[in-house]
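Heads up, the next two complexes both have chain A, just with different partners, chain B and then chain C.
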Partner chain A sequence: MSADTAGPETLGSLSTEPEHQDPNSQQAKEIAGKSPMRIALGRLAKDKIAVVCAVVVLFFIICAVFAGPISAAFGVSLETPLASERVDGLNQGLPKPEMGPPNGPFTMEHPMGVAPRTGEDNLAYWLYGCRVSLLIAATATLFASVVGVIVGLLAGFLGGAVDKMLSFFIDMFLTIPFLLAALTIAPIINDRFNLSDNYGTIQKTALIVVLSIFGWMGTARLIRGEVLALREREFVQAARVMGMPTRRILFKELLPNLAAPIIISISLMLPTFVALEAGLAFLGIGVTDGVSWGQTILKATNLTFFREYPQYLWQPLLGIVALVLSLNLLGDAVRDALDPKTRR
Partner chain B sequence: MFAYVVKRLISGVLVVTLVSMAIFLLFWYGPSSPAQPICDRETSNRCTPARLDTYERTLGYDNPVYVEYGKFVEGIFVGRTITIASSEYECGAPCLGVSFRTKQPVKEELVSRIPATFSIAIGGAFLYLLFGVPIGVAAAKRRGSVADKALVSSFLFISSIPYYLFALLTWLYLTITFEVPLFSDTGYFPITQDGPFKWFSGMFLAWVALGIFGCTQYTRFTRGAMVEALSEDYIRTAKAKGLPTRTIVYKHGLRAALVPVVTIFGIDFGTLLAGTIFTERIFEIQGIGWWALEAVQGRDLPVVQATALFSAVILICSNLLVDVVYSVLDPRVRLS
Partner chain C sequence: MTQDPNARAQIEPTEVGANAAEAGDRQLTAERSPETPDAYGSHEIGVEGLDFATLAEQGHTATMLDPLAPAVLSVDNLKMYFPVKSSGVVRRTIGHVQAVDGISFEVPKGGSLGLVGESGCGKSTTGRLITRLYKPTGGSMMFDGHDLAKLSAREMKPLRRDVQMIFQDPYTSLNPRHTVGAIVGAPLEVHKIVPKNKVLPRVQELLEIVGLNPEHYNRYPNEFSGGQRQRIGIARALTLNPKVLVADEPVSALDVSIQAQVVNLLQDIQTEFDVSFLFIAHDLAIVRHFCPEVAVMYLGKIVEIGDRETIYGRPHHPYTQALLSAVPDVKQAAVGGRRERIRLEGDVPSPINPPSGCRFRTRCQFAQEICAKVEPPLLQIGQRHKVACHFAGELGSHPATPVTTELLGVDDQGSPVAGATPSNTQLTIPGYEDTWYDLRTKQTTGA
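After this line comes the complex of A and B, so read on.
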């Protein structure tokens, strides 16, 4: 590369360098001022799949946050006046033709049709189901990440007996799968609270607790490994020599360096929790008292409904698939962007 | 080696004890009264406080929790007699309690459910390896080609869909809508009663669904391990010697690459055994998972407790086994 082709502003800074610069090192100079996070974001923005997935995820977040206004805008609500006004009891409880599919044409009144037998509006249930799904997954991810990060930090940094004990608990919790825990706790929650007025809220809280209790170990392991490597680095040793208290070292020195593994573990947890929430509701052991995509799927797998009205099944099903798929692919792209060495 | 196995065994026993305590405590303190479900059932929902008290007393819920846990453990090793109200039920050696619904010892029904769950797990796991390993090897051999990239991204796509939705759609469309002959009647049919063909055709769709879904993960593992193994120096040496590609890939490469795959397989098999709930629920196979779900719906607490304990023990044992096998396969593990 000759001096004429390089711009005047680079000339000054490069004047001490040899004339024949290879393009790579020049590029490295230009991005030298960026933080690792900005570099990762730049990589992510160039990844077409990641951008598409981010848009899809954003769409679901908007649906979840504005479930109320959106359903109001379409003039639908969770409340059903009278089931017999909307469904035809003589025709296996399928919706009446004027309510839209499967027997009638599309109507603006119920853009996604109504549910068989109960006559509930599908669009409203879909929107609120999206809210429940994301709310439970996000809250559980938050709790599980906090617990995982704290346990991982302590186990990795303190070492010794603390590490042994915490690692034992990590291994112990890893042997018990989510599904089993949820299955065990469901009848207990049912037995204790089924007469309570806010049974639905209690169920959701219990679900979040179960997901958090059995979801933190992956993060803890990941963080522990990173901390083990980081604690021998010079800046941590310097902080120690200066007499910085352990808590400050953990949260001021180590934590900012753990942003990448934390983001990675969140990206793994979110889609898992969304899928699990719906899966448990489908089994009848998650949210059974309230709105959930999984519950709608369970109702829609009734064989008469499925034969006559497959759209009823496909609406929540596509919701879950699209959300989980885009969260997974986005997470994959984020992991690539944060650590480009792993894949190529 | 021996010391390592003993160490792992001790920690395994410790975990089993802790988990059994946790489960016992959960079922003791969790429900408003552990005897409420049976009282409701026996009195057809007219459970008065006096009657509830009788059930609680005969089931031992007025004793301190550690005494009852002791009895529970004793029951597992030597058996015990369980009293519910005025009737007594004999519960033989590994006593896990008496079902609230059928009044039969839980163990007997658990044993009768095991073949169905085992059939799913064995068939599914077999297909994991049958599809996963060869596809992974083939992809690693053609690393970087269009076919490899297409395979990797399409498998990433499949494995990003929740398993139960995949299984549900396979069942709904293949069995219900299109009535594909081989898949038309899913469920568990004991070999001894209905013959091997019926057993096979009942299970086949569940296996295929599990196999297709699970093999994506194995393809990824095998591909990764193979790519790594094929870049080792001894492979270059083998190539330089002029060995045929087949020998290099299968004898030298695959052998090294299979070690991590075997480990993951062991863990997965345990998980499969303990957690075929979705598969059983969707394909109507009446194994342990199906039974546990029924018990949850029927508020049959002893059955739920027993299935939870059984699955946890299976998982712990399979993890233990994997660790030991791994230490045999790879001596570096037990030295660290």
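After this line comes the complex of A and C, so read on.
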């Protein structure tokens, strides 16, 4: 009730000598500062959805990287077999019962069954399709974000005529309809290189180029906006006052502050490109040699196959949905982890 | 028990306030018990067993003027016009913001010049011109035999070591993604002064100078408080051993208790490293404490410049008088009663199209016709006192007729007098002349 109750005794524990620490002790060394990035990672690790999504993404990455060894371990391969050994030509080309579903029981020889008509192994195609999908999406994301970041940095920081010119290019590329351009480029590439030995590689490279060319504008705009805001902060002026060259200001002072928007745009670009790659392959203007989820879906949408053998369609579809969904959710979680207190 | 905290210290209520403390009037009779937590941080050495006056004397008294100190930076007729562009496809320049319009001053070696004025009067622009964040439109800034105003960015780089800046907002002036060590050590790396492995010892030394734990070099700015961040900013400015430090409102973003710490730190640095300060602030009390010389700016021009005692004791320009009357006075509050306050009407006019003649005339209670016609020269009217006003005089004794008519060769209405030649021999120079124009005798006199 009165102030007297809070005597010196009750406060005794508070007024004891503060523990004096030797600044050179091991303990003091361990209290080194946490970077904003490490704080964000800690926050990410506490997010259950993020952890689950990260595990799923990791699973796909392992599948893609070790597609060869995993196929070998299951004893399957991409080779085209003698179709009559595996599929029943009299039954609309569906797999024979001993090849597993839909007509027979599960068999370890072909864990995901074989394709109708050709009898190719589904697991091998799924694994290599995953590799193609991730490879193209990751490379295109890398190129698109590097171009986007550099264009955004220069446009935002230098301003003036440079900004006007670069912004014009951003807007110009945004006006070109992506699908139309891709549909136009595909036959040109096809016509030019279809006799080449490494037609497959050229096709994939062309796809990466197309995806990058039409993917960098979003990042560039985002980064430009961020740089416009950062440029006016006093630490940039402090860097100028100390005589720091512009290149160093851009890459050492500004770039670390752009980690959050860059990571976010990457995490949103990756699933988009995975879906686009499959979509283009389905339309026949991406990878056309068959080793792609989109191409598998194209084959599986035959009505007879879907009625009799729906697993054939579900396998690549599940792969795409799981990968895109987990990448998207992971991107959202990363944004949440980075966003709230980076302004401190 | 009384609620009055002064009762225990046995001071007269009239003596409360910073002035009493400065003059050493206050005597603390209560012995300081060793358990009393003191106001010093753990990094500062507290002085035990001294009375307040001695303590204040040992600590931080107001900086004294050294009238013989040579000028380290001398700014002459500095101008900065920002173009105003029209909207539309062809962006023509339709006018200029005359942010700084012909100012001249000197920063003495090891001394400090205070720059005060309203928001938007060009104080910060002046600071940024000196650090060459902007390239001036005209004028010169002589430093160490170089004219900073004319140097290119490349030629400026070696001189940047000598001219550094402390920024206003400690929350945006430190890069949140760099450790304190990287921030403070960056100038060393940019100028490649010391080998890479010597950077860390220097950083730790600097952190110790500004009163931070040197082991905290690997922490990030978000782990520090506002005052500590400002100390980091000061350490960064000190890294290159500058000769001139431009302090752009270094304490206005901090709360009052921290302001004192930072100002004391700046004073220590000044005495220890012989740094000259251009101290930009709008807090008149802090400027009074820190700067033996003060310049008052209004709308891009210096209206009055002089030593501390003159500016605060006998201001001659109506604007300075209005500024000073707006400062709340603790002494006055303790005595009670109202103080006469000069209230300025209206807003600061647009610097794009400033008023003709004297720029202050639109808000000045003494303004007459001459003020609209002739711009008053920045006239030296004392040994270390210059003022730009036709009716310069102490508060309450402004002359009825313009004091500058003879010098400018005009009549009382500001029209040129036929046959009269302007006898103003004073040119506006950065420093002070040996002779000055005496307002009472209207003669040029000397010391």
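Everything that follows uses one rule, which is that the second predicted complex is superposed on the first by the 304 of 344 C-alpha atoms of A that agree within 3 Å, B and C clash if a C-alpha of one lies under 4 Å from a C-alpha of the other, contacts with A are read in each partner's own complex, and residues count from 1 in each chain.
Quick note on the criterion: a contact is a pair of C-beta atoms (placed from the backbone, for glycine too) under 8 Å apart; a residue touches a chain by one contact, two chains touch by 3 or more.
Here the structure is a predicted model, which is why all the values come from computation and not from measurement.
When both complexes are overlaid on chain A, the residue A:Ile297 reaches chain B alone and has no touch with chain C.
Once the two complexes are overlaid on the shared chain, A:Ile185 sits against chain B while remaining clear of chain C. Contacts of A:Met244 after superposition on the shared chain: chain C is touched, whereas chain B is not. In the superposed pair of complexes, A:Phe235 makes contact with chain C only, with no contact to chain B. When both complexes are overlaid on chain A, the residue A:Gly279 reaches chain B alone and has no touch with chain C.
In the overlay built on the shared chain, the residue A:Ile263 is in contact with neither chain B nor chain C.
In the superposition on chain A, A:Met217 contacts neither chain B nor chain C.
By the touch criterion defined above, A:Ala155 lies against neither chain B nor chain C after alignment on the C-alpha atoms of chain A. Judged by the document's definition of touching, no chain A residue lies at the interface with chain B and also at the interface with chain C.
Against chain A, the residues of chain C that register as touching in their complex are 35, 128, 131, 133, 156-157, 160-161, 163-165, 167-169, 172-180, 186-187, 190-191, 213-216, 218-223, 233, 236, 240. The part of chain A that touches chain C in the complex is made up of residues 15, 23-24, 28-29, 32-37, 233-235, 237-245, 248, 253, 256-257, 259, 341-344. On chain A, the positions that touch chain B within their shared complex are 168, 171-172, 175-177, 179-180, 183-188, 190-192, 271, 275, 278-279, 282-285, 297, 301, 303, 306-307, 313, 317, 320-321, 324-325, 328-329, 332. Those residues of chain B lying in contact with chain A across their complex are 11, 15, 18-19, 23, 26-27, 30-32, 36-37, 156-157, 160-162, 164-165, 168-169, 172, 176-177, 271, 274-275, 277-278, 281, 292-293, 295-297, 299, 301, 304-305, 307-308, 311-312, 315-316, 319.
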